[in-house]
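Heads up, the next two complexes both have subunit A, just with different partners, subunit B and then subunit C.
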Partner chain A sequence: MAQRKRLSGAQTSSQAKRPSGSQAAPEDEDDQTFTLPSSSQVLRGMESLAPGQLEQKTAEVVQYFLVKDQKKFAIRRADIVKHVLKEQRNIYPEVMRRAAATFQQVFGLKLVEIEQKNHLYILINSLEPSAAAPPSSSTNPKTGLLFVVLGLIFMKGGVARENVVWSTLKKLRIDPREKHEEFGDVRKLLTEEFVRQRYLEYIRIPHTDPVEFEFGWGQRAEYEVSKPRILSFMGELHQQDPQTWSQQYREAHSSSSSTPSPSPSQR
Partner chain B sequence: MNRSRGEEEAPRQNGSAGRKKGEQQHSEDDEAVHHFDPADDMQDDDNDPSRRREIRSKYRDLISSVQQNREDMLNPTNNKLTEVLEEANKLFKDVRQAREAALDAQLLVVASDLGKEKASQMFSEGASFDPSAFAEHVLSFMGLNRLEVEEEEQQNGETAEGYLPPDAWHRLASRAQLCFRTAPSFHYMMGSFYAEPPPPKQRTERQRKAPTKEAQRIMPTQLKKMEESHQEATEKEVERILGYLKSYYQDDPTSDISYYEFVIDPKSFSRTVENIFHTSFLIRDGLARLYLDADKLPCIVPLEGEENEAGGSAACNQCIISISPKTWRELIDAFEITDTMIQPPNAPTE
Partner chain C sequence: MSQQRMEDSHRRFLQAMMTIGVIDRQGAKTLHRRCCEEHKTQHSPDRLDSFIDTINSKLQPLFMQIRKGMSEDDGNQYYVLVNTAETDVTRMSSDYADNELELFRKTMDLIISSENGKASSTDILNCTDTMTSKKLKKIETEQLLKRLVCDKWLSENQGEYTLSTRCIIEMEPYIRAMYQDQVKMCHICHNFAFQCQICDNPACGIKIHNPCVARYFKGRVEPRCPACDDFWPHEIPEFPQHQSSSKR
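So, the complex of A and B:
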């Protein structure tokens, strides 16, 4: 109890300093924090904290995520610890829990761990996109390109050979050998940037001579891109009922329900 | 994934194949070695190097034909893959040595890869998804104008058909983003901080500094002079005209000075326009006043001291004078102007 008092007192002081993060946390946040002690280590870490430090670190993590997310590369846990938490790494789970809550409550974003092994995080919009919503100030043309590639992969049953992707793009006036006026070096964009952003996977097909690659959906795409919506846009384009692609329809509607609900990391 | 493991092991398994373990060690060596191979219950035929070579070469041919005719073999309308497998079966009857067996395994890898591709084709065939049809639909959505063929073809060669508007990808993106739950990226409103450093700016500055140092020393004086002379030209001209106006007024303060007679230079239209321009400064600065005489013709008179102040607060009228070469000539005729009241400035000075 004494701890709680100290922390809630600290919160107000940190609010003054850093409005961006801790302002968000509602009053009952503190209660939850202490009814769910995740491990004794975390507790010990929290006890040793100076007043307001937890909020301070949470705010820093939130800011770190926002800035890092500008490039849409996945964010590594190791980097968060190294650049933000530093010697306070033992309170990591609690800070992440709070940061996730802040993203949810203030920004309407979901903090998702896309890879358990390397602890990679991304932010996705927790609001469903809708045509009625005012269009965001700038549409990124790369979204169109991503749709073409992801849609193609999806319709091809999850993987698409590289040559299928390039020949389709070629019909759309994209030649990987030439600089595209909208996208620049498209080969690099697809095989490097989109891969680093985890929209795509670019995998070597074993035992092919000459070497061949195929594209698949990356982890980010699995969370961020809605298969049912892709399929319905496909139907719109082809003027065809999406259900006629029975296989894809089943896939889209089974996986959308089973998409792992993004849970802020507990560990 | 299974395939990959299979292939790595395949040569070994097939090579030894239980029956010819002894050969394994020598299989990579020269043909001649086999003559001394003790562990064989083979017929003479099996040791015939030319026969072995023939089998291997047939296998290699088969493998390369599969690799080269891949697209053909994928075509569901023919049975080429089956033919290849049958051919391989025939060859396998004569396989005795590890090297041939390894080739057989390699063929199997290639064939199973084809099989996988065929299976995935079956998947998409069930739902009939054609990437090229998809591309066409996307093009239509992006607003492709299929009529403007020739122009584009000349520029882009064979591939282009029709004109794709420059906002094509934006158009697609604005619809496609409904499929994405992308978090809007965060940017500082006032742009106080950019993640990217601005190196080009600094570089150009540094480069520029060195060569222009000397030039800069001279430049300011030069520039100043030019600006001054230019501004002074206008100011001087205005003052000069005021001088003329005052002198004409002092010559005969009772008679009106006709505005048009004053500004028009019958020899030069451009001089006339210049005079009008400069005279307008006199009016604006309250150094002269325009009024209409009994005949409703504009007249001009210079103002002095107190008059000028009183007039400044009272009269804030603006008027626009337009003049064309035609009206200029008409005015010269009407006022019977023979000589200019304002001498061109350079005439006496230069």
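So, the complex of A and C:
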């Protein structure tokens, strides 16, 4: 945490001529995946900037992400360029590096590129999940439903056939064909909203006729949802000691350290 | 007070503010304590404002701020996470359609030009007739009003709408720019006065917020206008004193 000390003094906006890279906190290493544009282009882009513009664009990108994140949508690089950076696209890598550092240092959020091909990003919470979590996340009934489905998938070894999910929900008196008073259209919630938010994956099972689908954990869930927590949630639901599911228990407690977010700051 | 370093307790507090948008002082104190406990940082209950200053120092380059203000409804202090770059109604454009924003502007017009800072649902429904963008139906307008209350831009009480604390604090610069000749300041706290009492003396006509009236005239036998010294003819409202407002 000591690395933050330096930055806190230097954040008073405005000074534009900080050499690029001086900001690089160890957290930023995933930036190396940014490919466009070349470093000489970036350099040229930076030189042509008016003082303060880099900070301005960074602030705009941060705001753009925060607005989109309210709906938990993934954000495409193309949209950031189109809506925020516009003709200054050549400073993209530096702006993103600064935005990522800002999310980490100010908001406790981690900017993660979840798809290299389309350059899709999401924000995930990098603070430990807690009891003092913002009220909405704990009182949101949809979160409860999501946990049930994630739990089911986890118990089934990572994927659950669609019909298994629906029949399990029916046992909980949630019928995907009817409008639920709290969840609305449950089918749409699971196959569209949670998928768009990257909590779930909804994939066609190959070579099925008629076509069948299965659910898996989406990338956001992999990052944000702790497996031991899901397992103890399932334990509560079934009134059973989670340790009795030995395979799942082993997986939850071995994979908790190797979730896709190995903190690069461990030296 | 020198700047503290931003720590996880600050980040946790900011995350909560991003979710809830507005919180009263009591709630902020509780949240402050919980965030400190959570991250095992030292908690000084009387340092809430400097705790928030630390967050604000990091938010300032991002055109954001946790701003403090008073509620016209209960006189309590509130904290609101505001966007300082876009203070216009357009700041809400990610959540509302253009015609919905037009109706919100019209509602603001109604409230601000009224004497008591209120607009009835009937008046709001009627002003859909003069909309230039796609007209909202009655039911759509009612749903929109509900959403605006739910998102804490408006407050509603028995069919009458007022500007919410969040709206007044966040849109202060916008209101100042758009309505400068219509808005009056409270004679006591010098903030905008929408829901308030007005001095009856036509040569005076100062406005005082209801909670400010309560505080100012508390214990005075014969209330007199602090500006013109005329008799203050209104009923002096009472507010439960939650906390002494801690501004200095």
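Rule of thumb we're sticking to: the second predicted complex is superposed on the first by the 210 of 267 C-alpha atoms of A that agree within 3 Å, B and C clash if a C-alpha of one lies under 4 Å from a C-alpha of the other, contacts with A are read in each partner's own complex, and residues count from 1 in each chain.
Operating definition for what follows: a contact is a pair of C-beta atoms (placed from the backbone, for glycine too) under 8 Å apart; a residue touches a chain by one contact, two chains touch by 3 or more.
Quick caveat, the model's predicted, so the values are computed rather than measured.
Trainee: Please indicate which partner A:N125 is in contact with in the superposed arrangement: first for subunit B, second for subunit C, both, or neither.
Mentor: both
Trainee: Is A:A59 touching anything from subunit B or subunit C once the two structures are fitted on A? First, second, both or neither.
Mentor: Only subunit C is touched by A:A59; subunit B is not.
Trainee: Looking at subunit A, does subunit B or subunit C touch a larger number of its residues?
Mentor: B
Trainee: Output check: A:Q105 vs subunit B and subunit C. Expected answer is one of first, second, both, neither. What do you get?
Mentor: Touch status of A:Q105: second partner only.
Trainee: Overlap the subunit B and subunit C contact sets on subunit A and report the shared residues.
Mentor: On subunit A, the residues that contact subunit B in one structure and subunit C in the other are 66-67, 70, 107, 109, 125, 127, 130-131, 135-136.
Trainee: Which of the residues in subunit A come into contact with subunit B in the complex?
Mentor: Subunit A reaches subunit B through residues 66-67, 69-72, 107, 109, 122-131, 135-136, 139-148, 151-152, 155-157, 159, 161, 164, 167-168, 170-173, 175, 182-183, 205-209, 223-226, 229-230, 233-234, 237-238, 244-248.
Trainee: Could you pull out which subunit C residues touch subunit A in their complex?
Mentor: 3, 5-8, 11-12, 14-16, 18-20, 31, 34-35, 37-38, 55, 57-64, 83, 85, 94
Trainee: Going by the contact rule at the top, pick out the subunit B residues touching subunit A in the complex.
Mentor: Per the stated touch rule, the residues are 3-4, 7, 67, 109-110, 113, 117, 120, 123-124, 126-129, 131-142, 159-160, 164, 169-187, 195.
Trainee: Would you pull the subunit A residues touching subunit C in the complex into a rising list?
Mentor: 1, 4-5, 8, 11-14, 55, 59, 62-63, 66-67, 70, 102, 105-109, 125, 127, 130-132, 134-137
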